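You will see two complexes here that share chain A, one where it goes with chain B and one where it goes with chain C.
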Partner chain A sequence: MLGQRLKSFGVWTYVTLLYGFIFLPVGVLVLFSFQDSRLPVMPFKGPTLKWYEAVLSDSRLVDSMINSLMVALSSSLVAVVLGFLAAYGLARMHLPAKGLQRALLTAPLTVSYLIIALGLLIMFNALGVPSSLWTIGIGHVVINVPLCFAIIYSQMGDHQINIERAAHDLGAGDMQTLWLVTAPMMMPSILASFFLSVTFSWDEFIIAFLLSRFDVTLPVEIWGMLRSGLSPKTNAAGSLVFLISVSLLILAELLVFRKLKKQ
Partner chain B sequence: MTATVEIRQLSHRYGDFAALSNINLTIEAGSFAVLLGPSGCGKTTLLSVLGGFLHPSEGSVRLNGEDVTHLEPAKRPTTTMFQDYALFPHMNLLDNVGFGLRMRGQSKHDRNLRAMELLTLVNLESSARNKPHELSGGQRQRVALARALAVDPDVLLLDEPLGALDLKLRRQMQDELKAIQRRVGTTFIHVTHDQEEAMAIANNIIVMNAGQVEDTGSPESIYLTPKTLFSAAFMGEANFLSGRVQSTIDNELIIDTELGTVSIGKHADVNSNIGADDAVSLCFRPEHLRINQPANESLLPLGTATITDNAFFGTHQRCQLTASNNEHYSAHLSQLSPALHNTDVNIGVERNSIVLLRSD
Partner chain C sequence: MVAMSLWHRISGKIVATWNLDNYIEFFSKSHLLKALLNSIEISLSVTLISVLLAYPLAWIIANRVPKKWQRLALIMAILPFWTSYVVRSYAWLLVLAKNGIVNTFLQNIGLIDLPLAIASTRYATITGFVHFFVMLLTLTIYANLRQLSPNYARAAADLGASGFRTFWHVILPLSLPGIMVGAFLTFVLSIGDYITPKILGGSNELVLPQVIMLQIGRRADFPSAAAMSMILMAVVTVAYIACAKWLKMERS
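Moving on, here comes the complex of A and B:
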């Protein structure tokens, strides 16, 4: 009996410590965004929503939030289309050195964002392309294509080949089959990779920092705020970033991952 | 619509492996043909060639006289019913069945009407708005059939479509397929390794082995007068007695066998190519082997044998015998004949049921 109890006590302590370790920083961040004083430090006073009001009435912050959203949505769209086409090509066509091509496509997943950002910066400089939201977007496409490719490719099984054959057999051309059969059939993994790309792009900092100039994304703007010292306003902005990321993941879970599991 | 299928000098190789070698075949318009053979015999490869999914190394395929050998699947008047049904998982049944018509530019209204007609044909009109995953295996099967028939193909190709169904459902689907084929009149070419299924549905069976056609004909002719040893052994159970032709006298072949010297009448159509000194095999079915029957004109006696086993099969009893040459033979006895386990009996075969085949 006692051994049993000790064991379950041990398990609960471990679980509490583990989740505490993961979520305490976020919890503290969110908590002090409601701080009713000028500094986000103990003791907690409040709560108040004035810092959220300050964030939403700060036009630079709101602009950067819109920038982030635009970059995230458009770069993810491009990354998904490219990832899907690459997955389709590698899964269905006779291509030379398939293994190598697959490795090359997924390799950027292992390269640090800093290296990718530096590489892009040097390249854009050499080509005379000025830094802008476009260059950030391109950077995010670079980091998200391998992810989209890997997710979609993993879901392209041989059991779908006959379904595509059936479409051809019934008179569909290559593009019609791709558009009417393959893409809808792959929709759960396409949506999954889209949502993940959006979340990754949404709070990506290094590439956005190195490849931006006048228009910046939200993480870069928050970094700018941090340079002038801690403030609950920064916490509020960070909490909003977190809130939107979490909402996206929940949306993805509800819309996509459940369906994927069912299949 | 329907079409005659002509296959001429067709060969296909995968690297060094000859999947099909020199196939020559004519399948009449409106017939229900079955490609029958063990796995790896090339029957599915042949079906892929007919469907346009595979371009053969050599030879040609003609539909109603028109060469379609290198035509894409989309462009030829054939449709395939795939082994795994290959329904579009994201579309309801109506859209699945109407897909081919959509590709042919029919309006939504027209193609829904036609799709409904076909779903009615396969008794699934009430599930028209359901998705494929909501159906049972047998129902998916029917949707696949309806979808393939919706575009009014000249030839319908069926790739082991009943393989995944349980026995009872398979029997039922066989009857349905046959009835639907008769109603629509399309040429059906069906692939299977199940000889019972072949007999149940086909009016023309093509027995294949190792990339070649061994035998073609109606179920009766293949069962009763197989043209090769393989065909005899694959199509149902068969007994073989090997021997060598000693001489031919008038219309009789005198053959030395392990169970004595026998004489067999010469048939113009069946064993006309057999002459003196040829190695041959006498082939007869278990139901033509007689036990302890008085000698008469029509019975060819084969000496004595020991019954080693018998089992009750419902419609008959199946007996295993070991003859004096130590070969095993099987006989089908009537349902209620007494169990003769471990006894010695006289055996004989109905003369007119024996098929003489070259065994070299």
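Moving on, here comes the complex of A and C:
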């Protein structure tokens, strides 16, 4: 009895400590975004919203937030379409060297973003393409296509082939089948990879940092704020980003994973 | 796209004929080699610590938490995942800084007189990384543990194994493939990261990605930055081969 109790005491202590560790930085971040003083350190002085006001009235921060959203949404859309088509082609058509193609498509997942960014930077320099939001978007497409491909490909089971065949037998062309039958069937994994891509792109720093010049994305702007040292304003901006990401997550959970579970 | 970037990188931008010199330079300069060693040391310790911390948590969630609450427990365990990368490191800086929470707390309870210098050391970098990867590993190991059939544990118990022996000889070996996948991800992602060491580790002890960024930012020396990237990729490849071999052995 005593042994059991000691054991479960140990278990719950461990869990509490680890959850504490996991939430410590977020807690501190959010708490000191309400700090009524110039420094986000102890002691905590009364809650205030003035730093949120400062963030929302900072036009550069708001602009970068809009930039981030635009880049995230459009690059994810492109990445999902490309990933879906690649998955469809490799799963349904007879192509040469399928294994190699699949390996080549998923290999970039293990390459550091820094190296991808560097490769893109050198390439854009060589081609004479100036850095802009477009180059960042292309970079994010590059990192997200393998991810979308992997997710959608893994869900493209053989059992769906029969449904596609039935569509063909009923007189549907290839494009019609793809658009009206396959795509809707794959919708849960398409949406899942879209949301994942959006969160990855929204959060991505190093590619956005190296491939941007005047128009920057939010992580790069926050990076710039860090140079001036600790400030509750950075806390407020960070807390807002966290809030937006979590809302995206909840949206995804409600829209996608419920559906996945039902299937 | 990747193939193209590789090609450009290898041929170098300014002097196309001097390929290997960048590599020779890298291995002949001790501070550059030191950065590589720092990177490997930090990533290995991060991987080890993260696995050791995450495994028990994943196990507890999978086995001790009622089914109804497991999903919530898991989501809670990985919620801070969704703070932005830059912001998360900054938050750890708030915790670990000279006048941060940890030092204030330790001074208040009288354990130390002067604040500890944790920020701007490799320990801060490791803490930041471990925080991130504990969440990731909890997720992957949990998924792996859930896939194991409870029959294994029952069979072991029927054969007279104690709880601990069942775990050590049955559950742990069965979940090793999942651990290795997570560990490989941890190693690869942490060794290639620039943000966390830059914000938390400062510039006393550089890691390889920081050196690469220095080459680009300060000196616009693309060829040597590219050479270092290739070295970084080589390390990742070695890690991949090590893990792949190991996983195959596990299966046979």
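Note that in this section the second predicted complex is superposed on the first by the 263 of 263 C-alpha atoms of A that agree within 3 Å, B and C clash if a C-alpha of one lies under 4 Å from a C-alpha of the other, contacts with A are read in each partner's own complex, and residues count from 1 in each chain.
By our rule, a residue touches a chain if its C-beta (ideal position, glycine included) is under 8 Å from a C-beta of that chain, and two chains touch if they have at least 3 such contacts.
Keep in mind that what you see is a predicted model, and the values were worked out from it rather than measured.
Of the two partner chains, chain C is the only one that A:111 touches; chain B does not reach it. Look at A:134: by the touch rule set out above, it reaches neither chain B nor chain C.
When the shared chain is aligned, chain C comes close enough to touch A:234, but chain B does not.
Once the two complexes are overlaid on the shared chain, A:11 sits against chain C while remaining clear of chain B. Within the superposed three-chain arrangement, the count of touched residues of chain A is higher for C, of the candidates chain B and chain C.
Of the two partner chains, chain C is the only one touched by A:123; chain B is not. When the two structures are aligned on the shared chain, A:173 is found in touch with chain B, with no touch to chain C. When both complexes are overlaid on chain A, the residue A:163 reaches chain B alone and has no touch with chain C. Counting contacts as defined above, no chain A residue meets chain B in one complex and chain C in the other. Taken in their complex, chain C has these residues touching chain A: 1-2, 4-6, 8-9, 13, 53, 56-57, 60, 64, 76-77, 79-80, 82-88, 90-95, 97, 99-101, 104, 131, 134-135, 188-189, 191-195, 199, 209, 212-213, 216, 222, 225-226, 229, 232-233, 236, 240. Residues 11, 14-15, 18-19, 21-26, 28-29, 32, 39-42, 107-108, 110-116, 118-123, 125-126, 142, 199, 202-206, 210, 218-219, 222-223, 226, 230, 234-235, 237-238, 241-242, 245-246, 248-249 of chain A are the ones touching chain C in the complex.
On the side of chain B, the complex with chain A involves touching residues 51-53, 72-74, 78-80, 82-84, 86-90, 99-100, 103-104, 147-148, 151.
Put simply, chain A touches chain B in their complex at residues 159, 162-163, 165-173, 176, 180-181, 184-185, 187.
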